[in-house]
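Below, chain A partners chain B and then partners chain C, in two separate complexes.
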Partner chain A sequence: MARTAVSRRLTWRVARLAETREETATARTLVFDVPGWPGHLAGQHVDVRLTAEDGYTTQRSYSLAAPADGDRVELTIQSVPGGEVSPYLTEVLSPGDPVEIRGPVGGWFVWRPADPAPVLLVAGGSGIVPLMAMVRAHRRAQARTPIRLVYSVRTPADRYYAEELRRSHPGLDVTHLYTREAPGGEARKPGRLTIVDLNAHGWPPDFGPDCFVCGPTGFVEKAAGILVNLGHAAHKIKTERFGPSGG
Partner chain B sequence: MGIVSPGFHGRRRGGVTLPPGQYLTEDFPVLSTGPTPRVPVETWKFTVTTELGQEYHWSWPELLALPSETPTVDLHCVTKWSKLGTTWQGVSLDTLLEEVESAADYALVHAYGGYTTNLPLQDLLDGQAWIVYRYDGEDLPAEHGGPARLLVPHLYLWKSAKWVRGIQLLDQDEPGFWETAGYHDYGDPWREQRYQGD
Partner chain C sequence: MTGDYEDGNALAGPLSEIFTVDLTAATVRCVHCGMAGPVATLRVYTRAPGLVARCPGCEEIVLRLVRTPDDAWLDLRGTVSLRIPVDTR
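On to the complex of A and B.
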């Protein structure tokens, strides 16, 4: 098992919001300037700390949405109604405002452009975020390994990175699955991920792909179970789960 | 004090003290690194291996025949959520290790699926740790570590290995899965020991 040894101390760094992009009606990408950022691998996450004027602080973990790019750190945050942190980050925080960030964290759910195996990415909802970092790392490195993304969303309006994924790039295949409402002309009836979907749009197990699955717990349980049933080795399936949480 | 984020007020909790950096959740989020292992109780086995290589085994019926306890404990996950007042049923490690002859100082916990985690042996003793098989009055679901998991609630939850299959007693500390990947060797939530160097 490849692991990333992290032996240095992770310090809190000031991160200033540089720009934002709307992904959906409720999700926003935040690009921060973080002077001294040590870099990271696609799939890793960071801790974000917010401090109020009276000294109250709270923390959340968010996946990095893009590969390392100097002092730039990019997160995509789904606003959770009534949440303590995500509505603030997506609706209140303005360009120039600071938060604190430390990381990168997590040495298991990572993909490196030099990894030789074909790649299968299976995303449910906002679980696309760390997988998009892998897609972007693949494109930036012009990696020769083929990569397939199967991305399940409720409706076309719920797709993150819609324009960028429509353009695709050499070596990348993207399949969108819709659970509630599909765009016109879509042959597949809206519904949850099935073994047929991953059989059709994934890799055969004997290709030995590295599989990354990210999404809500129920989705990850389902997708990882399907991959095992299709014959993929359990150790080739890496999962990351976004449980419902305090937002 | 940290850098103030303008316009951030946060939501104060009344009356509940959590470890630093944690927030309260009512859900029970699931975190694991791969597919959920399905371990039939017919073949389930729990093994303690001493530093001299001696092995002690328990089958599923043997585990269930041991005196059980029903601890109600708070859970603190390194990913920031805390869940309070969870009730479990299982066998205290004091009971399981009672007959085990060992002078080891460390334990490396092994799980079905290959996961490992390490901790000092003394953190498994004195009513601090259990092998649990029921949660909230029900059999422990596989996604939460069933049929049986370790519960050692005074440390971050990654130490409470799901799908537990054995404990290796060691003279020397040997880092486990997350401990090798940059997470803290001990993981005390009240000292916010999330990552190495914390």
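On to the complex of A and C.
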């Protein structure tokens, strides 16, 4: 951080929806224009606040899905049935409509392209979002560190960013694990993440990789426990859980 | 106490209303068991009046943050210390 930078507390900014992309039947990427956006690091998140006509407000936290790109901010949001915020954002909000955004926040679950260690990303379901920001930051920076992504989803139709991850880029290895239904020709039987998966598709602990795990609480605890059992140092494992406040 | 919690990453936004540095990367030491680790790894319960952050080692309360319309109340009685990385470049 530059010495001359003026420290300031975060304030809410008006963001306008610029465009959307469908990721799955229930998840959508929203691209916002946020004039004066200060930039962010891969892995950081934002708070989104909605205000009703009667003044009622509610807010949620969402991970940024792509590295900083001027005033553009991308979020991928899973619509939670009956939720207060996510169905509105994914189904009602139209290009030009405003929301308020505060951020970026979080300085721990972040990856910088200059970080020298190999990277292991372990995603469960919509936990892919902040890890995708890291994948995209790696590609944009043409980083030389090798990066492996292990992405656990229920079925092939539940994969976010399917086309983009199929194309891959130099230095990136992607492994999909299916828990309910696998595509034809897949040797691994559908099932939850096991030590065998992370032993085969992660990095040996000797390589000293930086490990990032994101997903629902149960998934994160399982994955982090496996990494510790494989011999990875606890301080090299960074986790982010999706809690119960979603929707 | 099991299940139904988020982690300390969820404190980043609410704490940014009060502090200009990111406290989720700070190392917090628990009064009850002495364990130290990143604020980001605390277990945060949001179904309470405010946010209740518990130690991942002993499950005791490390910090509480309650926001009223005009004030933010930060209760740190479960915290021995916060070691905050200071960028001196």
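Note that in this section the second predicted complex is superposed on the first by the 238 of 247 C-alpha atoms of A that agree within 3 Å, B and C clash if a C-alpha of one lies under 4 Å from a C-alpha of the other, contacts with A are read in each partner's own complex, and residues count from 1 in each chain.
We take it that contacts are C-beta pairs under 8 Å (C-beta built on N, C-alpha and C of every residue); 3 or more make two chains touch, one makes a residue touch a chain.
Since this is a predicted model, take the numbers as computed values, not measurements.
Visitor: Let me test your reading of the model: by the given contact rule, A:221 touches which partner, first (chain B), second (chain C), both or neither?
Guide: first
Visitor: Go through the superposed model and pick first if A:10 touches only chain B, second if only chain C, both, or neither.
Guide: Both: A:10 reaches chain B and chain C.
Visitor: According to the stated criteria, A:93 is in contact with first (chain B), second (chain C), both, or neither; which is it?
Guide: First partner only.
Visitor: For A:108, select first, second, both or neither according to whether it touches chain B, chain C, the two together, or no partner.
Guide: both
Visitor: Looking at A:57 after the superposition, I want to know if it touches chain B, chain C, both of them or none. Which is it: first, second, both, neither?
Guide: First partner only, chain B.
Visitor: Per the contact definition in the header, classify A:167: touching chain B only (first), chain C only (second), both, or neither.
Guide: neither
Visitor: Please name the chain, chain B or chain C, that touches the greater number of residues in chain A.
Guide: Looking at chain A, the partner in contact with more of its residues is B.
Visitor: Touching A:84, do we find chain B (first), chain C (second), both, or neither?
Guide: First partner only.
Visitor: Check chain A for residues that touch chain B in one structure and chain C in the other, and list them.
Guide: Common to the two interfaces on chain A: residues 3, 7-10, 47, 59, 61, 105-109, 217, 238-239, 241, 243-245.
Visitor: Mind pulling up the chain B residues that touch chain A in the complex?
Guide: Touching chain A from chain B are residues 1-12, 21, 23-25, 27-37, 79-81, 113-114, 143, 177-178, 180-182, 194-198.
Visitor: Name, in rising order, each residue of chain A that touches chain C in their complex.
Guide: Its residues touching chain C are 1, 3, 7-10, 45-47, 59, 61, 102-103, 105-109, 217, 238-245.
Visitor: Along chain C, where are the residues that touch chain A in the complex?
Guide: 3-10, 12-13, 16-22, 24-25, 38-41, 44, 46-47, 87, 89
Visitor: Taking the complex as given, what residues does chain A use to touch chain B?
Guide: Going through chain A, the ones touching chain B are 3-10, 12, 14, 47, 49-53, 55-61, 84, 88, 92-94, 97-100, 105-109, 217, 220-221, 224-225, 227-228, 234-235, 237-239, 241, 243-246.
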